[in-house]
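Below: the structure, in C-alpha cells.
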C-alpha cells in the first residue's frame, strides 16, 4: 500500500481542512450535519494517523517515514516536505486524538453564541494547523502551519469566550475578557513568530555557505552536525534568540507566559483543551525539532538561561496558582509550571531530558486537557468558576468529582500516572546535564524543580479541597445537577485510560521517541556526550 | 532617423486607447438609464487588452523601441498584467457603486481607462520623459476622479488636496529630472546609468535623485509625503480609493523602482538612506496612525501608508547594505502584486459592506458576521491577509520582504527588520480590530443601511476573484514568484 | 519477561522459589484488579464491594503465606523485571524503567505482614463500616492501598518503589479524608499528603542521584556497586543516603515530619490500624532495611543521622502520647515512638532488630487500633474522657486490648517484649549508651501511657452518653487472631532458643546481614523489663479507677512540659505560620501581583504606550503637521471640524509644508550632511 | 570665466534685464494681494522666460511658451478667476499668517538647489549661443523618438478636457435631467 | 554666459513658487505658484540643453512636454476649483473668500 506511504501524512494533515470546507457548505441551521461531518472527519483523521502509527517502523524511529518531499515554492527554496519520526509520531497522534474527543464533547456543550457550524469549522482548521506543524520538515511549511493555528484560536476565544467585562490595567475602558484575551494571544504569538521567521530566513541563507541554501529541517540538521562552525558564534546566538522568542511565547516560558492565563480563562472549554493539550506543544516541539538539532552550539549557550527560566516558571506558576480564585485560571497557571518541567528537560540537552520533555508534553496534553474539560463542564453546570462559591462538587456531581480527583492526582505527578514520568525524567536529566553545561547550576535547578512538585501538589490538592470536598455551599441547595453525560464520558474515558496507560507503560511514548532522541542528541552534541560521572569511570 | 513601431508590443495600450475612445463615443449616444454599457465596454476592453499581453508573454522576446526608451519585456508584461487585473477589479467594483449614485458614468470609465493607459505606458518606459508622461497620465485623471462625488464636500476636498499636493510633487519630480538630465545629458535610463556611474559623488546628483524620490514618494504615499492620502481616500468614491491605493501606488512604486534600479543604481549612496528612512517612518507612522482610526477607509489609508513602508524595506535594506538589488527588486514586486490583490479585496468588501451598514465607521461593522457571514469571512480573509497571517497571501509578501532583508545583512538592515517585525505586530492589532467588530461584537439593533442589500454581481465577481487569488497565492505562492522572476529580467537587461 | 541472574546471590541455602516466586506478581496485580472491579461494580454487590476486597486479600494472603513457608524452609532469591520503557541515557547507554518483583526474605516477611493485617482489617471493616457512607469507595481505596503497598514492598527498582510509595500516599490521602464533608478531615488528608510529598523530594532526588550515578534503577545493582565500592557512587553516597532517608522520614513519621500521623487519625479506624500503624508507616523502615547494605557500607556516614532522628522520634512520640485524650491519638503517637525505635535500631546497625520490631509491632498495634475502633464503635467518641468502665460491656475487646497493651508495654512473654529487648540490646552492643538509656526510659513511658489508656478506657466508671455494647463477631474475630499474633509473634526470635526470624529476613541476594549481633543480652533485658513493669505499675497508681479526671492528673505529673506537649512542641504552628501561610499568603499573592501588575503590566504598558504614541503621531504630527510639531499634542481632533473648516484652516498648506520639509530633511540628511 | 569677461558679454546684460524681470514679476506673483494682478505678473514672468529661451536659442520652446501659456493658460486663469468671482480687488487676508516659516522653507530649498547646482555646474559656460536650434530637429524628435509620450500626452489633455468639463459643469437637478431626457426621447 | 546664471534664476523662481504654495490662501493663487515652479523647471531644461546640445534636443522636447502637462494640470485644477466654487455658492452665497485653502 504505497498510497499510505505517499499520501498518508498529507491526507492526515489536510483532511480536517476538507472537513472544514464541507461544513462550510452546510446551512447554519443544520447543526446535526455539521456535527456529523466534524465527527466523521476527525475520526477518519485519527484512524488514519493510527494506521500510520501501526505501519510506523519503530525500529528506525530516528528516521523520517512516510516522507513526502516535493516542490512547493521553488523560487524561495521552500518545499513541501513532511515526514514522521519517533518524536513527531506521539505528537501527531495526540493531536488527532484530542480533536476527536473535542468534537465528541462539543456534541452537547455549546457556549454562547452557539453556532456549531462555525465552531467546528474553526476547530477543523485548527486541526490542520496542528497536525501540519508536527509533521512539517520544511521551515517555511512549519511556519505556515505554526501560524495557521492562530486565526481559528483567535476566533474560538474571541467569539465563544468569556464575556464578563474586565478592567485591564493601563487602559481606561473595560473590555470583555474574551476580547482582551483573544487579541493578547494573537499579538504575543505573532510577535514571537515574526522573529522566528527572521531566524528561519537567516538559517536558509547561512546554509548557502556550506552548500545549497535550504529550508529543509533534516538537511539543516545534517549540515549542523557536519559543519559545526556554521551556525555558531554570535550569529548562532542571535538566530537561536530569534527562534527562542517564537517558541518560548508559545510554550509559554516565563516571562512570556502572560497571555496564557487570560487565553485559558476566556476560551471556551474546547478551546482551552486544544490550547493546553496541543497548541502549547507546538513551541516545545519547535525547540526539539528545530532549535536544538540545527543550532546545537548556541543551544549550549542558551540552555542555562532556558533552564533557569523554566524553573522560575515552575515555581512561579505554582505560587501564582495558590493565589487564584478562578478555577480555569488556576489550571492555566499550572500549565506554566508543567511546561516548565518540559523546558527544563529540553534545557539539559540530554537524551533523558528530551525524552522527558516529550513524554511530559504528551502527559500534559492528556491531563491538562482533561482538567479543562472538567473545569468547563463544571462551569457549564454551576455557571461560575469561582472556587470560593464551588465546593462539595463531589457530593453534588459524584462521578465528575471523582474524575476531577483522578485528574488532579495525575496532574500533580502521581507516580503510576502519565504526569510522573515527565517530571521525574526531567529531574533525572538535570542532575547530569550535557557535559559542557554547568552541573552545579542544573543541580540547583533540579532541587527547585523538585520543590516545585511539592507546590504543585499543594495547589492542586487545595483546589480539589475547595472545589470537590466539603459541604456544598447553600447556594446550590435545591439545584439538581446532572452527572456526567455520555458525551462527556465518551470524551473523557479515553483520556483517563491513556493517562493510566502511559503511566503504567511509558513505553507507549518512549518506545517511539527514544531512538529518535538518541540520534538527535548524537548528531547535535556528538556521540558519547553527556553524563560522564558514571560507574566511577 | 526613423523608428520602427512594433504594433504587437503596443497592442495592449492600443486596445485600451480604442476602448476609451469607444467609451467616450458610446457615452454620447446612450440614454441615461443605459449608461452602464460604458462599463461593459470598459470591462471588455480591459479583458481584451490582456490578450495581446498573453501573446507577448508567450512570445517572450524583449521588444525595445525608440532607442530603448520604450521596452516591452517580461517585467513590463507582468506589471501590465498586474495593472490590468487590478484595473479590471476596480472596474467591477465601480459598476454598482457608480450606478447607484449620480455619476457621469461614461466620463468616469473614460478617466479610469486613461489612468490605466498611463500605468501601462509607464510600465514600459525606460526613459525619463516617457516615464513622466506615463505617470502624469496615471495620476491626472485621478485628481478628477477623486472629486467625482461632486456634491460631497469631502469629495471636493479630497480632490483639491490630492491635486495641489500632486502638482507640488510633480514640480519637485520635474526639477529633479531636469537636474538629472543636466548632469547626464540623457533621458534614456541605460544611458543615464552609464553617465551617472562616471559621475561619481555629486551633491547635485543627490539632490536630483532625492527630488525624484520625493515625487515618487508622493505617489506611493510614503511618510512624509502621505498627508493627502487619508483625506483623499476618505473623500473619494470608494472604487477610486481602491484604485488610488493599488494601481496608483503600484505605478508610483514601479516608477520609483525602475528609476532607482535602472537609471541611478550608482547613486544608491544618496537614495538608499533616504529610502531607509522613508520605509521606517512609513511603517511606524502609518501603523500608529491607523491604530486611531474609526473610519474604515481612513484606516485602510493609513494601512496602505504602512504597507508602502513594508514595500520599501527590501530595496532600502539591500541598497543600504550594498547588496545586490535584484532580489530586493523582485521582493518588492511580489509584495506589490500580493498587496494589490488583497487590498482590492478589502476595498471590495468595504463597498459591499457600506451598502449594508450605511456607515464608514468600523463600529458600524459590528456583528457583520452574524447577518452576512460570507462578507464577514471575506473581510476576515482580506484583513488578515494584509496582516500577513498564513495561509493567506499576505504572509508570502511579508516573507519575501523579510527574506530580502536577511539576504542584505548588516546592522542597518537588521534594525529595519526589527522595526518591520514590531510593526507587523502593531498592524495586526488594527486589522484584528475590524475582524473583532465583524465577529466578536454583537450587531446593533438597527443599522443605517439595508442589511438585506444584495451585493451586485460584478462586485461579487471582484470579491470572488480577489478572494480566490488571496487564498491560492497564500497556499501556492509559487504563482506570484513569476513576478519576482520577471522583474529579474529588468536587472539582466541592464 | 526476563529473569535476571543474581550476580551477588549467596546461593548456599536459597532456592529461586520456583513457580511460586516467578508468579509472585499475581499478588501485586490482584488488589488493583479488585480496586477496578469495586469501582465498576462494587455498588451493586450486597456488601458493596467488601467481598471483592476480602477475596482479593485472601488470595494475596495465601500466596504470601506460601511464599513465607517456602522461604522459611528453603529460602528464596528471585527477581523479575518487565521493561516498560527504555531511553537513551547519554553516551550511548540505555536505561530502562521496569516493573517487577523481588522475592527474598525481606519482601516475603513484608508480604506476609501486609496481607495478613490487611485481610484482618478488611474483615473487621465490614463490621466497622456498616452503615457508613461511601463503603464501596472505602474498600476500593483499601485495595488501592494494598496494591500499592505490595508494589512498594516488591519493588526491585527505585522507580517502582517510588510508584508504590506515592501510591500508598494517595490511598492514605483518600482514606484519611474519607469523611471529607468536614473540612478538618480533608485538611488532615492534605497535610498527610503534603508532608509526605515534601519528604518525597528526598526520595526522588536520592533516587535520581543514585540512578544517574549508578546508571541503573535496580536496587540490587546499585547495592552491588556499593558493595564493590564504585568510586562514583561513593562520592554521592552520603548525600543520596541522607536524601533517601529523608524520604523514609516522611512515610515513617520521623521527627520533625511526624506531624501528619496524629492528624491522619481523622480517617476511619481500620485505616489507622492498617496503614497508619501496621504497614504503610513502616515503608520507611522497610526502605532503610532494603538499602541496608548501602547504609552499612558507603553511606555509613548517614547512619548516625538515622540513629539520631530515630532516637529523638522515639522519645518525643512517647511523651506526646502521655497527654492525649483521643484514644487514637495516643496510639498514633505511640506508633511514632515505636517507629522511632525501629529506625533507631536500623541506624544503630540492628537490621534484624528493626525488622523484628516492625513485625511484632504490626500485630500488636493493629490489634490495639482495631480494639480501639471497637470501643469507638461502641461509644461513638474518640475521647477517653467520654469512656471508662468499658471492661464489662466490651469484654472481648477488653481482653484483646489488654493483650495488645501488654505487648506494647513490653511485658514478657508477649511479642513486644522480645523485639524491644532486641532493639535495646542492639543499642547496647552498638555502644550508643545515651540512646540505650533513652530507649529504656521511653520503655517506661510506653508502658505508662499504654496503661493510662487502658485504665481510662476500660476501668473506672463510664463517662459517656451512648450505650456501649460489644462489637459483632466480624470485628472481634480479627481482634482475637491479632491477639494471638501479639502474643506469639515474638517467639520467632528468642535469643539463644530460636532464631528463625533472623534467617527469614536475610536478603540473600546481596549480603548476609552482619548487623550488630544482638544475641542474649542481660544488660539490656533487665533495665528494659524493669522500665516496662514499673511503667505499668506507675500507671496503675496514677490512674487507679477512682482517681480524678486524667487531665488534672497530667498537669500534676509533668508540670513544665505539659503546655509544650499539648501544643505538640509547636511544630504544627511553625510549619503553618512559618512555611505554609507565607507561601499561600504573601508569597502567592505577591507572585500573582507581580504577574498582574509587573509582567502583565509591562505587556499592557507596551500596549498603552503604543496607543499613546499613536495618539501623538496621528493627533499631533499627522493631523496637525508642522503646527503639531511646534505646539505639541493638541486635544482638539478633526472630528468636530467640518470639511469646510478643514479647507480653510490651511491644512493643505500644512501638508505641503510637511512635504517640502520632508524633502529638505532628506536632502540635508543624505546629501548635505554626509 | 572671470567677472569682467562675464560683464563684457552683452548677452549677459540682456540676461540681467530678463532675469530681473523674471524674478521681480515672479516675486510679485506670490506676494501680490490681488489675484488678477498675480495672474498678470505671471504673464510677465513667462514672457521674460520666453526671452531666456530666445537667448538660449530655443525659439520653438519660447513661442510655445508664449502661445500656450500667455495665449491659453493665462486666459484660462482669468476666466477661472472671473467665473469663481474671486475677489479681484485687494484681499487683505490673502496669505496665511505663517509667512516666515514658509519663507524659511523656501529659502532653505533655494540654498540647497543653488549650492548643489553650483558645485556641479559652477563653471560651465554656454558656448553655442545664437545659432538657433533647428525646429526641424525638434519636430523630428517629437514625432520620432518621443512619439509615444507625444501621443500619450494627447490623452492627458483629452482626459483633462473631459474630466474638467465633467467636474466644472453645472449639474442638472434630477428634475431637470428627467425633463431633458424626456425631450430627447421625444425627439 | 554661464549655465549657472540660469540655474540660479530657476532655483530662485522655484523657491518663490514653493513659498507661494505654502502661504497663499487663494486656490487660484496656489495654482499660479505651481506654474512658477514648472516654469523654473523649463528654464533648467532649456539651459541644460543649450550646454549639452543633445542630438534630439531632448531638453527642449522635455520642456515642451512640461508646458503641455502644465497646461493640462491647470485645466484640471481650475475645473476642481470651479466645482468646489459651485458647491460653496449653493451652500453659502455670501462667502466671498470661498477658495481659501
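Here are a few things to note about the model shown:
Residue numbering begins at 1 within each chain, and the chains themselves are lettered A, B, C, D and E in the order written.
As a working rule, contacts are C-beta pairs under 8 Å (C-beta built on N, C-alpha and C of every residue); 3 or more make two chains touch, one makes a residue touch a chain.
As the structure is a prediction and not an experimental result, all values here were calculated from the model.
Minimum number of contact steps separating subunit A from subunit E: 2. Considering every other chain in turn, the ones in contact with both subunit A and subunit D prove to be B, C.
Overall, the chain located most centrally, as judged by its C-alpha mean against the mean of all protein C-alpha atoms, is A. Ranking every chain by how far its Cα centroid lies from the centroid of subunit D, the top place goes to C.
Counting C-beta pairs in contact, the chain pair with the highest total is D-E.
Centroids of subunit D and subunit E (each the mean of its C-alpha atoms) stand 5 Å apart.
Averaged C-alpha coordinates put the centre of subunit B at 27 Å from the centre of subunit E.
Centre to centre, using the average C-alpha position, subunit B and subunit D are separated by 30 Å. Residues of subunit A found to touch two or more other chains are absent.
Residue numbers of subunit E whose C-beta contacts span two or more other chains: 7, 14, 17-18, 21-25, 31, 47, 51, 58, 61, 65, 69, 72-73, 76, 79-81, 83, 97, 101. Touching of two or more other chains is recorded for residues 611, 644, 647, 650-653, 656-657, 660-661, 663, 667, 671-672 of subunit C.
If you check each pair of chains against the touch rule, the ones that pass are A-B, A-C, B-C, B-D, B-E, C-D, C-E, D-E.
Those residues of subunit C whose C-beta lies close enough to touch subunit A in the complex are 83-95, 97, 99, 159, 162-163, 165-167, 170, 173, 177, 180-183, 186-187, 190, 193-194, 197-198, 200-201, 204-205, 208-209, 211-215, 225, 230-235, 583-584, 587-592, 595-597, 599-601, 603-605, 607-608, 611. The residues of subunit E lying in touch with subunit D in their complex are 1-9, 11-20, 22-26, 28-29, 31-33, 35-36, 39, 42-43, 46-47, 49-51, 53, 55-58, 60-61, 63-65, 67-76, 78-83, 85-86, 96-99. Subunit A contributes residues 28, 71-76, 113, 118, 140, 143-145, 147-148, 150-151, 154-155, 158-159, 178-179, 182-183, 186-187, 190-191, 194-195, 197-198, 201-202, 204-205 to its touches with subunit B in the complex.
If you check the complex, the residues on subunit D that touch subunit E are 1, 6, 9, 11-12, 15, 19, 22-23, 26-27, 29-30, 35, 38-39, 42, 45-46, 49, 52-53, 55-58, 60-61, 64-65, 68-69, 72-73, 76-77, 79-81, 83-87, 91, 93-96, 98-99, 102-103, 105-107, 109-110, 113-114, 117-118, 121-129, 133-134, 137-138, 140-142, 144-146, 149-150, 153, 156-157, 159-161, 163-168, 170.
Those residues of subunit B whose C-beta lies close enough to touch subunit D in the complex are 1-3, 5, 17, 20, 24, 31-32, 65-67, 69-70, 102, 104, 107, 110-111, 114, 117-118, 121, 129-130, 132-134, 136-137, 140-141, 143-145, 147-148, 150-151, 159, 175, 179, 182-183, 202-207.
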